[in-house]
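Multiple structures are listed underneath, in structure tokens.
Each of the two complexes below includes chain A, the first together with chain B, the second together with chain C.
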Partner chain A sequence: MEISRDAYRAIEDIVGPEFVTDDPALLDSYAFQYLAELIRPEHSHFMPRPWAVVMPRTTKEVQAVTRLANKYKIKIKPISTGWYHWAAPLKDNEPTLQLDLRRMNRILDFDEKNRFAVVEPYVICAQLQAEVMKHGLNINITGAGSSCSIVASACAYFGAGPSSFSMGNNSDNLLGQEWVTPAGEIVRTGSVSSGAGWFCSEGPGPSVRGITRGYLGSRGGLGTYTKCAIKLADWPGPASLEVKGRPPGYRLPVPENFRVYTIGAPDWDSFAECYYGIYDNTLGYIFHRQFNLAGADLATALWLTYIDPTKTLNDVETAAADPEIKAINEKARISFQLILAAHSSDGIELQDKILDEILTATGCYKVERYCDKDMAEFTNMYLQRMGHKHCNFIWAGGYMGSWMQAGKPDWVKTYVPTAIETFKNDQDSGLLVQCGGDALMGCGSTLAGGGYYGFEQFVSYDPADIKSVKACVKHMEDAVVTCREKGIPYGKEYLYLQVAWPDEAVWNALARAPQTFVFDFQRKIKEAFDPNGLGDRNYPWLPEGWGKSAASAQKE
Partner chain B sequence: MVANITELTTIIAEDRFLDDPPLLKSFAQDASLVAPLRPRYVTRPETVEQVQALVQWAMRTKTPLVPVSSKGPHRYGDTVPSVAEAVIVDLTGMNAIKRIDRRNRIAVIEPGVTYAELIPALAGEGLKISHPLQPRANKSVVASLLERQPTLIPRLNYSLPEPLRNCGVVWGTGEVAFTGEAGNGPLSLDEQWTRGQSQLAAWGPNATDLMRLVTGAQGTMGIVVWASVKLDLLPVVRKVFTIAAADIAQVTDCVYKLTKVGLGDEVFVLNRARLSQMVEAQAGRRAALAAALPEWTLVVGLSGAALLPQQRLAVQEKELRALAQEFSLTVGEGYPGVSRTDLTAMLDGFCRPDERAHQDIFFLSTLDKVAGHVASVQSVALRYGYPVADMEIYVQPQHQGVSHHVEFRLPYDAADARQAAMMEVVYHTASDKLIEEGAYFSRPYGYWSELVYGRDRNSAEILRTVKGILDPENILNPGKLCF
Partner chain C sequence: MSIEDFRADAMRCSRCAYCKWMPLDLMKSWRFSKGCPSIEYGNFHSYSAGGRLITALSLMDGRSTVTDKVRDTVFMCNMCGSCDVSCKICRYDMEPLQAMRELRVKLVEEGHLPAALAKCVESLKTNHNMLGAPKERRGDWAKTLGIKDLSREKAKVVFHAGCRYSFDGEQSGVARTAVAILKKAGVDFGIFGATESCCGGRSYGMGLNDPVKHCAETNLAKWHAAGVETVVTPCADCYYAFKRLYPQVAGSQIKVLHMVELVEQLVRDGQLKLTKPVTMKVTYHDPCHLGRQGEDYVPWNGKEKKIFGQAVCYDPPRPRYNGAFGVYEAPRSLLQSIPGVELVEMERNREAAWCCGAGGGAREAYPKFSQWTAGERIEEAEATGADALVSACPWCEKNFSDSVRHGGHKLKVFDILQLVEQAL
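Entry: the complex of A and B
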């Protein structure tokens, strides 16, 4: 199926003929999306193909294309840097324009004193960070990495990362947004809407941002975000990152006013106690459990190999069998990374003392090998810039992040053994990377100031091997069943799986939610702002009255 | 109307449904310039179920409801009915502190819980809440946070609604639903607690942030029946410092840096009139004290909690002195007539009962614009003969120093018709001028609502759409904001 020539011509007139295409080869490059094989028929790597790809340059062009889409009843799916299969059209045979926002890549304003920047959707974290660090400022880079869009994390998706513990997630840091609704209206939220500048996202009166800037955001399902203002954080480090070392194990020297540690815990109870100690004492510029994405059985072997310029990935197996490395690995089995920073030598020394007291009190410890200069500098590089996203795929070319239910530390530690056991059982098939049941990683806090986190279980699989793909899907389904049986809220895998479901199945699931008020609210918002249904289920809703009687009997 | 009331008395006890003329009069007017209007009844529900039944009854009977959570005196007109025959929903009796969770530093409270009740209860658990500067003792904590009143510790103001996290709401649809993380769980706090769930994450549920739609809403979207609030550790050591300046511009860069590096707990700026008003209990002595004070004072509170508190305080003090020196400023610990004890009491105390009437003009801005705003308001005051020396000014960094609450308090003699008339002109003229120069009236009470939404039709239109969804019969505080 293809876009009508009239619509195509009109889009050419708006953005110029070189910025619209319906060339199937190019369309397929947009349909090829990470995780697609887990949910598509016959485990295809391709999501549904858009009917055309449009690359607008300005908000006005986005608006004009959106209005045209209303006229021709074509769906709109914006994508900036993209991540996950749901960045593509969700359904086959639905006419969809994919708005590729890569030409909207300007930092529009940087206000050093008032600590904010106004950016377009294709400004990536690394780009802005490099600019603002020159002025003693920094940004919260999300777990998705520095190659990802700031607008996406702040306006449309989940905005937490290793630095959110101290800097806040990008939902907290959002200071205003510009939104082209599916109806083609341009909406600005907060102070900028009142003509007062981009410094506040609340009000006037109730905050309009509340209709879309929720937990996950609307993920391209309800119009297009074309600008946002983001709050910047303090950066007590050098004006630029003087990267050392040889690829791929780049290193970032640790300034005198910084400390880079990997902290180990003897068990999950001690981990939680240590967490509460760090939380109460407001330590931590960066707090993250990063290296465990490789799995607790293999992590040390991988990372020590990775930073050794004389070794390759082929050496990991040998390293993993090395008794010395095995011993280090056991010390690091339950561990996390903590970077401290201060503005004075007194300040950093005091933080060190406080940390030592916490470790003594909780039985936790610094994992010495990880705190050696080479690993500490590698850790510093990894977590300050978050430029190692490729490492997510390091074992077999594919990974699926499951679990990740966030909550208070005392609660998270209760589901960790279940997550580990479930994964370990599924690894026994031999079709998933056997890195140990604990490949749980994630931010020290998804909320500013700490006290709230969840672990993402990195399920590494081979996307080119259909048996491995099926094993990954089985793990997703097993995780859902386990959660249901144990009364644990569903994790990320449940959301991933839903992408493939027919509308009715999704609505049945939504209707079983403990509270359905928000899904009715979102339907009404959709009716008001998307009268022609240009958006998709990434902004979910319940049809009026759907499942009311059945659902009330089966509330979970 | 009377028949309808009879129907409602089957739900709410008759003695909690009142129409005594003095009581009605007390809700008919407040200290603002908003026109008075007498409500028809005052009702005092005690449970969520009663609030829900009340809303459902109001929907059926098209009766306007005005939720009120604090005891008076009220100041901004938001609790004065804008339409006739309104029923006041007085929530002051729903005042249970339902839970204080020391380990996760979160409390769940009902709307009638006041700062005077919550602060000591938290202190008993070794906790504190970042609160507004000298709130009324009987001010509802929930109402204060819902209305985004500025709080004293910018470092902890991770987003403007902080420390507000989750709310239980009876919406204008008559439904009960929770906001944020609590919106994902069962519709029962007890059940959520049994399952180990917290009410910590403000965002959600799902793609919506329902809490954001009840903040700044003046009770127009829903009636909040509980809220969770984020807490901090109670300091075990503490010092309050003053940095004097002849001109606010002199401390501007220092404030910018303090909030950037996150140094200090309480950080704010007062002019001499406001400082003297806050620290001197004797009204007759304030003018003399003010005359002896510097024109502006930057107040910085430092503290130590958790491990090594003394050392923590010492390091912060050293860093503060070094930072001030960068800007050629001197750090002190008060002034003659303003002792350390006075300063600590100012941070922790409640406001005294109003001795003089006053009108407040407040808004958000960036710090670099504040000196200009001060000059503008002073020029308006001078033009109309308002004594500039009486003007009390308070600047509070918010959202970790990215935005700033700027407040002008204008005392006057309300019994003097000439002064009252002058005040009205100054208030309106200064507000007009401020909004023209970029002041952001994010909490548009009374006169400001027309100014704000007249200029920002985009927000008004969207908010009306949202209001139509959440309060389809427009029964919740109709006539406020753009509704």
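Entry: the complex of A and C
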């Protein structure tokens, strides 16, 4: 199946012939997506191929291409830094234009006084952070890392990260956006919609931000976001990160007004109490359970190996058997990373004292080896810049995040043992990386203001080994069944699996969700803004009356 | 090796796109944050390392075929290795640079070598150089210098000028400078003059296997016959070929030094004294083949093994070329030992350096792309406020000089040896 020559030529007229392609090999580089092998027939690494890839440079070009797509009834799927299987077209044989937004890559405005920046979709977190740090400001870097698009994380996904604990998520920090609807209209949200500038997320009238993104974001399923304004946070550190060391374990010296700790807990109850103590006392510039992505059995062995540039993964095996490292590992088994920041030495000393009180009261402690200079500087580097996030794939090239149910600490601690047990059982086959049942990782906040968070299990598998891929799928299914049986809400694995389902199955699942009115509401949004159905179901909605008995539908 | 050997790399690519950027930790601005010239110029994902892995998989699986566009995505790349460094920040099981070269090999075998590169390879065969110059002229640069001719005499050190310094009249002054420095330091060395032949390294980068093997065997035989124990070169491409490729393709055990390493050592040992001030603010460009690709060769003939069920490692452990141990400090130390020189760094330096644009056949096959790449570096150098951009490779210097000339820039371009000469 291919795009008609008429449509292709019309696109060329809009963006220029060098910025559109329908060459099969080039299209395949967009069809290939992380996680595809978990859900595609025969575990193919390729999602459905787009019919063409188009690279607009301006909002006007996005609009023109979108209007053209309406004329030719071709779906639109924007991608910026692009990640996950759902970044590709979702269905085979469905005509789709992939809009690669990488040419829209400018920082358009930076308002130091009002603390926001306006960016295009291909500006990544690391770029903006580097620029705003020169002015004593910072941005929340999404948990997926600083190679990710700010627009994508704020407008189209969730955008929680290690610094969300103090700065909020990018979806919270979204101050306005420019949106080319699937029908080809240009809509601006927030204060910019009334010509008042980009300083406020809500403009006159109903919350358009809520309409466009819902909770999780439309993930390319409801048109294209071409600009957004993002709120900036305080940065009490140096104007530029003066990084030391050799790759891969770069180090960032810890300034006098910062502290970098790994905090250990004797059990999950103490972990939760410690979290409350830190949260209640408004400590914590960064709160993240980062290093446990390697699994609680292997984390210390991995990271101490990683920071030595002469070593490779082979050395982890030896390190993991070293009694000294094993002892450190036990201290760090239930742990998290905490970075404190203040504007003065008095300020940081006070924070230190409060933290010590909290630790004493909760039985938690600083894990000494992780707080040594080398590991502290590495931790500082990792979490301030988030430039090592693809260590997610470090074991075998494949990672799938299961569980990820968010809630208050008292809730999180209740699902953690189940998540650990389920994962541990699935590792016994040897077809997943055997790193211990607890490979739970996550940021200290998934809600503006903190106090609410969740962990995901880092399930490491080998995408080049079909048995390992199948074992990962089995784990996803096991996690879903376990959640169902234990009354735990489904985690991310359920969303991942749904990508392969037919519409009817997805709608049946949505119809069983606790608040189906959301999906009814979103249908109305879709009807208004996407009359020709150019978006895909990454923006979820329910057909009218779906899953309801005639009587209850009538009653409504 | 063949592209099939990198099938697992392709399947394990997480499409994270780190390969498009400089190491994220080192990023200091929006302007100079990119790592890969190819994706910046070509834009489609296939112009990145990750994209080429996918192309390889797509071709191997018969999902697509080699079109003109595909050929461009494969060859419009400097083989600079920035992608390799960035990918390996988080990965031990990926070799994107090697995989991209094997993809080139596949295309070359199937008859898709770009015409401009086919010309270079032909010149290598007939004239023993990549520049299309008559081989008899190779030794002209040294004719009047009275240097020991190792085709007749013996020495433990051979100075290998390389194709650019031998044939390019604008550049061969650097070769003369180099030998003057060696003479001044009292090094007993010789050259092969007219019988010197290309290192073959650039043909390897273009995706050919045989020429570099042939060059290695020829050069090693000549060096052995002349009693050579150390080869020293002012060219980063030659350095890489001798140091990394010759052991691999011909079992070479000869000691290899770049001129900057040798001269820095001579200065440190007091055999050369840099006394005359050279009042200049300079910035140093790390040539890819001396910097991030200049790490020592480690023989390896192992296989993949798994630990902890599925974690991928190698038996025996696989050498890790990730730019951690390239030649970065010798040139900087040398520059800093020149009185009056003020060294300022570009934002992208050492393993994170932006390429000059001349590598991988890009200068020959995609001149616009190659010059654009150089122009980006010129702007970065200018942003430091430096008077001059200094490098240690004739290919970098040529591309930069062309770019400065065409762009009307004021920046001066020097080989590091030219500054050393001024200070002697």
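Simple rule for what comes next: the second predicted complex is superposed on the first by the 549 of 556 C-alpha atoms of A that agree within 3 Å, B and C clash if a C-alpha of one lies under 4 Å from a C-alpha of the other, contacts with A are read in each partner's own complex, and residues count from 1 in each chain.
Criterion: a residue touches a chain if its C-beta (ideal position, glycine included) is under 8 Å from a C-beta of that chain, and two chains touch if they have at least 3 such contacts.
All values derive from a computational prediction rather than experimental measurement.
Of the two partner chains placed by the overlay, only chain B lies in contact with A:Thr446; chain C stays clear of it.
In the superposition on chain A, A:Gln522 contacts chain B only, with no contact to chain C. In the superposition on chain A, contact of A:Val243 is made with chain C only, not with chain B.
Once chain A of one complex is fitted onto chain A of the other, the partner contacts of A:Tyr215 are limited to chain B, with no touch recorded for chain C. With both structures placed on the common chain, the touch criterion links A:Ser468 to chain C but leaves chain B unconnected. By the document's definition of touching, neither partner reaches A:Gly223: not chain B, not chain C. Residues of chain A touching chain C in their complex: 19, 21, 23-26, 28-30, 32-34, 37, 45-46, 53, 55, 81-83, 100, 102-103, 107, 123-124, 126-128, 130-131, 145-147, 240-241, 243, 246-248, 250, 252, 298, 309, 312-317, 320, 381, 385-399, 427, 429-435, 460-465, 468. Per the touch definition, chain A reaches chain B in the complex via residues 111, 113-116, 136-137, 168, 171-172, 175, 187-189, 191, 193-197, 199-219, 221-222, 231, 234, 236, 276-277, 280-282, 343-344, 346-347, 350, 353-354, 357-358, 406-408, 410-411, 414, 446-449, 451-452, 487, 489, 513-515, 517-519, 521-522, 524-525, 528-529, 538-540, 555.
Contact residues on chain B toward chain A in their complex (touch as defined above): 103-105, 148, 156, 158-161, 171, 175, 177-178, 183-187, 195-198, 200-218, 220-221, 230, 233, 256, 260-263, 305-308, 311-312, 315, 318-319, 322, 364-368, 399-403, 438-444, 449, 452-453, 455-456, 458-459, 462-463, 465-466, 469-470, 481-482.
Of all residues in chain C, only 7-8, 11-18, 21, 23-30, 33, 43-46, 50-51, 54-55, 57-59, 63-67, 69-70, 73, 85, 88-94, 306-314, 316-318, 320, 322-325, 351 touch chain A in the complex they form.
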